[in-house]
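Going in written order, the chains are labelled A, B and C, and every chain counts its residues from 1.
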Amino acid sequence: MFKAIFENVRQKSPLIHNITNYVTVNDCANMLLACGGSPIMADELEDAVEITAICGGLNINIGTLNRRTIPTMFAAGKRANELSHPVILDPVGAGASALRTDTALELLKKVKFAVIRGNISEIKTLALGSGTTKGVDADVADRVMEENLDGAVAFAKGFARRIGTIIAITGAIDIVTDGERAFCIRNGRPEMSAITGTGCQLSALTAAFITANPDRLLEAVAAAVCAMGLCGEIAWKRMTGLDGNSSYRNYIIDAMYRLTPAALEEGAKYEMR
Amino acid sequence: MFKAIFENVRQKSPLIHNITNYVTVNDCANMLLACGGSPIMADELEDAVEITAICGGLNINIGTLNRRTIPTMFAAGKRANELSHPVILDPVGAGASALRTDTALELLKKVKFAVIRGNISEIKTLALGSGTTKGVDADVADRVMEENLDGAVAFAKGFARRIGTIIAITGAIDIVTDGERAFCIRNGRPEMSAITGTGCQLSALTAAFITANPDRLLEAVAAAVCAMGLCGEIAWKRMTGLDGNSSYRNYIIDAMYRLTPAALEEGAKYEMR
Amino acid sequence: MFKAIFENVRQKSPLIHNITNYVTVNDCANMLLACGGSPIMADELEDAVEITAICGGLNINIGTLNRRTIPTMFAAGKRANELSHPVILDPVGAGASALRTDTALELLKKVKFAVIRGNISEIKTLALGSGTTKGVDADVADRVMEENLDGAVAFAKGFARRIGTIIAITGAIDIVTDGERAFCIRNGRPEMSAITGTGCQLSALTAAFITANPDRLLEAVAAAVCAMGLCGEIAWKRMTGLDGNSSYRNYIIDAMYRLTPAALEEGAKYEMR
């Protein structure tokens, strides 16, 4: 199934509009190109509404949130909804500041998202309307592990059902659910967290996967999450004793560039819960 | 001839002021350093006018255009004109939105550009005052290929003559013309389009080449275009079966860092039309 | 001593708030992760004051200074001071424009910095209240070399004493002083200046080192400067005849990721003056 989903990405080359942070934007663009998609960045209100219309999907990332681009996120989200383009939200740092939390919660009210992808702290913040985040990384106490997986899945399903949006919680084990079914994904490497923006890259990637597979959104999100983790595994095998997080970053994007749909099908590690 | 032009870049180390997008800006800076130039980025109105004055050339790129930096582009362009510094325009995404198209057209009216570098869709938009662009990439229907090269050269010459500016249209075959003579350049690799910002990097590179060669602008632009394509070819030879677009990006900049003026002279592939 | 200092960075994993330029921000984030720290970027006034509070240290870099983020720098600096978080200033391009010079000087008045790190031109500008800078690089006439080292040390000590802040002047020879003691550091490679943002990365790194070592600030700054230079040396040994400044950038960050506290202790090259 993931094979066909990834083939659609390669064949349709979806154009993705990204309103995202300036920290990881270059890697997001190269990741989109690596998977077969095409990126465009536009964050000025007037520009973005038009750009969204020529794209197939919209990726909103609140990483370096600012007053100028917040109205752009709402307007582009609204336009994308009108055009039935899938929209993804990456609530970077939700829970770390009122501006981030409030903006993310307000976006949830005004924009219909196909997917929200974040770490467990960020998603909990959105679900509970509050929470604490140590910076933009998952709160250590709240990591999703084998021993608390069932509880995390139940939480994710409940939130997904309540807001009618696919929830992707990424961490040591990733959970992707539409409220009914949940993919528990075990691809990836812990060292990926030593690279800035692997989460942002995954959100951009997911935007391409859902845009190319509008009829199988849940599977498309799961395929993107598996693909990112699998590329992390493949790239790790290239690492020499001299390589560190900067080369690892390059190797992961390289791996996505080389990844075949068949290799994704074969390498995806997940179970349904 | 290209040998002497590139030697001037290495020897004069031109300082280039870049008002550019936040997606590819880091690669533009490293590309400028790789060729022997020196980059400075400043986009706040008050700052930019002063920074332009201490630089030798100005590179304006409308990639992530916004209301704050548009007035900066006009003011810095005006100041550079007063100082007779060469100015280059990279009209990223012209044709994709009214803001981009209108800003580019207005810049053409108010600022005297030495060079405009874009893909065929962007240049057509500026020439015709309208057009459609699929994102920031060349419209497939309008690619410059062998079978339509004569027509594209005639179009580029006409536009260059009309506005008195060197036009560089980059794609499968690149065209560089001042309205009288046209370089048709066949350096480069198609895989370069899978890297975000190779066009932006070329514009920054071109700014360095023209700033170091004020008396041979047309040849300097052609040399920069050949150099970028040649580095794409050299870098491609390094690629292993594990490398993808992210490593390719690094290798191209690396190749520019290592490129000698003699190697550019020897590797440049062009004909005059 | 540097061994224990670096061990603290690895063990405490300090969270650093960066208000920095969009040119080199991604490399700063990856450098922070490489050393064992954790980065967060926030530059909107409302957001930044809260983010600073959850961090351990603050890194202010005026690289692409603009009107929106200047008030943020003052407010975040004030908040960090209230919380006794160490704050570092990287006065990129001070001396190159009035906006940069004036903002840096005003920041010195309003915010208590633990450290200021810049090249000799930038630091002279701050010390003298004026100066000239060729872009963001050190003025050639003012390079710190063996023959003028004593004079430069005396200048740095005097400035450090006067403002009660550790001064780090980086160049061919680096000087780190609190006004009483001065580390003269000879780690590093000249080729590091062909990479955009090695200075910015060092400032981010320094923020992590001082945040993890509040009781030994001077030694922590010296350790960070030695670590950066040492990684430049280690990375240079990896360079093949095909590698250039882009791969070198990756290799330096990689080297920091792999650097052990013991290797830093052994590889640090400094004398006290």
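Operating definition for what follows: contacts are C-beta pairs under 8 Å (C-beta built on N, C-alpha and C of every residue); 3 or more make two chains touch, one makes a residue touch a chain.
Just so we're clear, the structure is a prediction, and the values are computed from it rather than from any experiment.
J.: Just to be sure I understand the contacts, which chains border both chain B and chain A?
T.: Output, common partners of chain A and chain B: C.
J.: Tell me the rotation angle, 0 to 180 degrees, that brings the C-alpha atoms of chain A onto chain C, to the nearest 5.
T.: Rotating chain A by 120 degrees superposes it on chain C.
J.: Just the number, please: Cα centre separation of chain B and chain C in whole Å.
T.: 33
J.: Can you tell me which residues of chain C touch two or more of the remaining chains?
T.: 22, 26, 68, 249-250
J.: In their complex, what parts of chain A are in touch with chain B?
T.: 15, 22, 25-26, 29-30, 33-34, 38-44, 46-47, 50-51, 54-55, 68, 238, 249-258
J.: Residue numbers of chain A touching chain C in their complex, please.
T.: Going by the criterion above, the answer is residues 21-24, 26-27, 63-68, 93, 96-100, 134-137, 194-197, 241-247, 249-250.
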